[in-house]
Amino acid sequence: MSVMEQDSAGAPARASLMNDPKVRGYFYQMLLVVLLLTFGYIIVTNTVANLERQNIASGWGFIENTAGFGIIQSLVPYAETSSYGRAIFVGFLNTVLVAVVGIFFATIIGFLVGIARLSNNWVISRIAYCYVELVRNVPLLLQIFFWYFAVLRAVPGKREKWSLFDTFHLNIAGLRGPKPIWEPGAEFIGYALIIAIVASIFVSRWARKRQEETGQQFPVFWTGLGLIVGLPVITYFVTGMPMTLEHPNFIETGPALRRGFELGVGINLIPEFLALTAALAIYTAAFIAEIVRAGIQAVSHGQTEASHALGLRQGPTLRLVIIPQAMRVIIPPLTSQYLNLTKNSSLAVAIAFPDLVSVGGTVLNQTGQAIEIIGIWMAVYLSLSLITSAFMNWYNQRMALVER
Amino acid sequence: MANSNIFQIRTEEAPTLPAPVSTTGAIGWMRKNLFSSISNTILTFIGILLAYWIIAPFIQFAFVDAVWTGENREACLPQDGGHGGACWAYVEAYFPQFIYGRYPSAETWRVDIVYALFALLLVPLAIPSAPFKRTNAILFLVVFPIVAYFLLTGLVIGDTVVLPIVETAVWGGLLVTLVIAVTGIVASLPLGIALALGRRSQMPIIKLVSIIFIEFWRGVPLITVLFMSSVMLPLFLPEGVTFDKLLRVLIGVTLFSAAYMAEVVRGGLQAIPKGQYEGAMALGLRFWPMMYLIVLPQALKLVIPGIVNTFIGLFKDTTLVLIVGMFDLLGQIQSSFTDPTWSTPSQGHTGYLFAAIVFFVFCFGMSRYSIFMENKLHTGHKR
Amino acid sequence: MSKKILPLVLGAAMGVAASTAAGATTLEDVKAKGFIQCGVSQGLPGFSNPDAQGNWTGLDVDLCRAMAAAVFGDASAVKFTPLSAKERFTALQSGEVDVLSRNTTWTMSRDTQLGLNFAGVNYYDGQGFMVRKDLGVTSALELSGASVCTNTGTTTELNVADYFRANNMQYEIVAFEKADEVVAAYDAGRCDVYTTDASGLYAQRLKLTNPGDHMVLPEIISKEPLGPVVRQGDDEWFNIAKWTLNAMINAEEMGVTSANVDEMKGSDNPSVKRLLGAEGAFGEGIGLSNDWAYNIIKNVGNYEESFNANVGPDTPLGISRGVNALWSDGGFLYAPPVR
């Protein structure tokens, strides 16, 4: 539309076209478009000329070529004979893994610390305060190095271990635990889980409807929990326990190199993953804590008083009055923290965790195709950002509706 | 009978008794804040224990077991084969490198002058009551960058060498950290303002371009931006033109922080009541005079805390340049770990601790300043 | 209007810092600016390593200094740009550096697909393995089940994958961005094995807390000819790089050293005379003065001197000549004659 509508309506005819804001608006926009196109044209021609002159290969053909290098952690089958495309996909999944696990822990720690910040207990609120200030004001990369290099030296070497319940073992090669091996019939457990989730959704709908009509409450949470946990467990026993645990194999005899945990037996969380997730979760949690604190403080005390006056106890007051209102303040900045965590996971490259940037960098080196690789990076992070913010916007809208 | 004494009226005021011991002083405070209930008491003890577990080893490492003087690793090697305390002697020996990088030692006075000028101009700018704000700002934003540029890189007029050229490849340590952070923030400010105005513009193309630009840079991690500027930017330039590596990083960082700056400024613009715009237009001001005279001065003042926070973020993020092979403070410290003269088990911890302290002092100081400004600026709105 | 001036100032500053190389050839360009810009590693003792004062030394550094001596007669007319493995080729392609002398392996794909030319080999290397002595391993074939630390983005990462696969051994790879991080992680015990070029192993071993606790295994699993690289398409500059290296090797073969080069200039040996410019006009053939080789040897020394000063048995690295001896001594070094 026009620049300033209030001007154009009923204004006397101007002497010069230049003074018409509408015309000027078009002019500036045309100018911008022309400038951008020129800029883009220069860059593209330069790049094409450079690629040609320097005889650098380009195009997406390399995706199919054999990667030839190993990747220490992969969620999908990967071998040195896999393609570059596969390698990048492995890196992408690792990024997602770090982001999801990091967000999970950052949220828990962040909410705990945020609430602790408001605690009446002086010691607790001070500790929370120190945590927040200390963690926020030290660069994340430094914290990642700290967790990786400083903590790495403190855990036992490869031929020793610290064990918890003789099930989880920690040493410098990572945190090992039992791996579930599914046998035929195990898919029913998955079906059971899906059925349970669907059932709990229906139960909660029905319960809400009933409460609105009759005022009677129904223990939705416990029913849902019972369904989601109970149904798969029952299925597990009914189908004849189609799962065994593969415990890590710790070899204590034989040549020195063979001692320690056998590779590929049990689940191993490599130290790079642990350090990165720990650093990301702890760093982001400090920011989340401040958001949570601000969110809770934003709910006026009158709300609590009114709710008490209505006869609600402390628990329901928090759950039904304070938290829903606080969440509305919390969610938008929380979204951007989640996005930050996802983007910060790219610092994995500093400690050899094979995330998207790290693996992509290796491919970039082997193939020399900078533009394609950086294009992939940008596209992936941008779409992750857009998806997350879209989801959060949707959630935010839902929360905001509760307002009325 | 003497009935005059049946009234029990006090003639003098009873002395105010002190509150019960259990509610005042340290004990009362502790009762109220630490041991008000059983669960609270348990929390207190857990908290104290937690603090003890973290603080005690830290003090042990940083002070008790620390080695303060020494010539080489021999001084810091633990006698009993254990881990040993912090090796501050190593930090002392490397201190010039951490501050100047490998800047030639004969020329470091130039860096000192830049540091001093920076502090001298920044402090009065930061104190709200200091006079000559306008002159000061111009000196800081225009004159200082030029002076600093020639002081740091060198100055050759014709054939006379006024200041010997020092290539950016030898810069390092805190110098690089500050150069990147300060240039990034100062250069991104005008770009950020332009983008913020663009995003609020009613011209659809300008608005669209601004939004795409902002969301693009905000959506990608800084490290990919740095890789892009170190690996891809050279391909964009015509044949034979090359940019200095530091400059390439600066371009990447500036574009990156401009997007964040734009969002900060946009927040400030949105906070300006519509009446201000309307009033300005009623006075017959055009767009730019209106922005320059009425809106931006108010908006920018409002977003000072936001700008400081962006700066803190950028200051911390400068550490990422070590991944693309530049030596900022952290990079310089890391590269010193490989010096066999000082290699001890505690060297890494000492170096990281030193870096953490430096960054903490800078960032914490700035965040305090940001809070101070926020309180100062919000006096009008406080209820 | 400070905000309007600022971009202008920055623009001006950028204009100054952006060096425009208008010259048609690298040699003209280098002569115009008065120095050679040489891409080196970020710190690899013996090959290219800065000391606390920022002075670079090493075998790769000497080659750049020799090129500067050949072009300018002054070995100090060279500036060094430390480059990561990832950046090195782009830096050369874009003209940020004039020559890349950064222990770079000569491979077919790099030679043919990246727009680069390898000017020769200044160190014949091969990939090796370093382990802790207390592991009791004596051969790389015993390394099954090991975790291996290495650099990302190098040929070593590919070689180690091939080697373990070919020998049907299990392994776990931890690939870091920077060599210093590999050393730190290996030193912390994250890996059993550190693999890179054998020369690099000797160099990096110096950085470990207790170098004496580690040993390099005898197996060499790959061919790693390391050499200087220049941009493709500028044959003159390519020749200068190639013949600088050849001059150093030829000088060693003829027994010309920095100490006796003045004396040797008057030698009767025709090949020495040709090398040192007393006979013929070989320097002009590569666009330089005829005493180009004299300048190299006078200022930097011959290959042997450079080798012994930087990586040889008397240095902390303690590498023997091995395959890097002259062909006449049973090694691989064989430079075409100056004729």
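For clarity, chains are labelled A, B and C in written order, and residue numbers in each chain start from 1.
The definition used in the following text is that a residue touches a chain if its C-beta (ideal position, glycine included) is under 8 Å from a C-beta of that chain, and two chains touch if they have at least 3 such contacts.
Being a predicted model, the structure only gives us computed values, none of them experimental.
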Between A-B and A-C, the pair with more C-beta contacts: A-B
Centroid-based (C-alpha) most distant chain relative to chain B: C
Cα-centroid distance, chain B relative to chain C, in whole angstrom: 40
Chain centre separation (chain A, chain C; CA means) in Å: 42
Cα-centroid distance, chain A relative to chain B, in whole angstrom: 26
Residues within chain B bordering two or more other chains: 227, 231-232, 234-235, 237, 239, 323, 334, 345, 348
Contacts with two or more other chains, residues of chain A listed in rising order: 50, 53, 149, 153, 349-350, 361, 364, 370
Residue numbers of chain C (touch at least two other chains): 86, 90, 93-94, 177, 181, 184
Residues of chain C touching chain A in the complex: 85-86, 89-90, 93-94, 112-115, 131, 134-137, 142-147, 152-154, 157-158, 160-162, 165, 170-177, 181, 184-185, 188-190, 192, 231-233
Interface residues, chain C side, partner chain B - complex: 1-7, 9-10, 13-14, 16-23, 29, 42-43, 50, 52-54, 79-84, 86-87, 90-91, 93-96, 177-178, 180-181, 183-184, 206-209, 211
Sites on chain A touched by chain B in the complex: 1-4, 25, 28-29, 32-33, 36, 43, 46-47, 49-51, 53, 119-124, 126-127, 133-134, 136-142, 145-146, 149-150, 153, 339, 343-344, 346-347, 349-350, 357, 361, 364, 370-371, 374, 377-378, 381-382, 385-386
Touch list for chain A against partner chain C, complex: 50, 53-57, 68-72, 80, 148-149, 152-153, 157-158, 172-173, 255-258, 262-264, 270-272, 349-352, 354, 358, 361-362, 364-366, 368, 370
Touching residues on chain B, where the partner in the complex is chain C: 97, 102, 104-105, 137-138, 141-142, 145-146, 149, 153, 167, 169-170, 186-187, 189-191, 193, 227, 230-232, 234-235, 237, 239-245, 247, 251, 292, 323-325, 334-335, 337-340, 343-345, 348
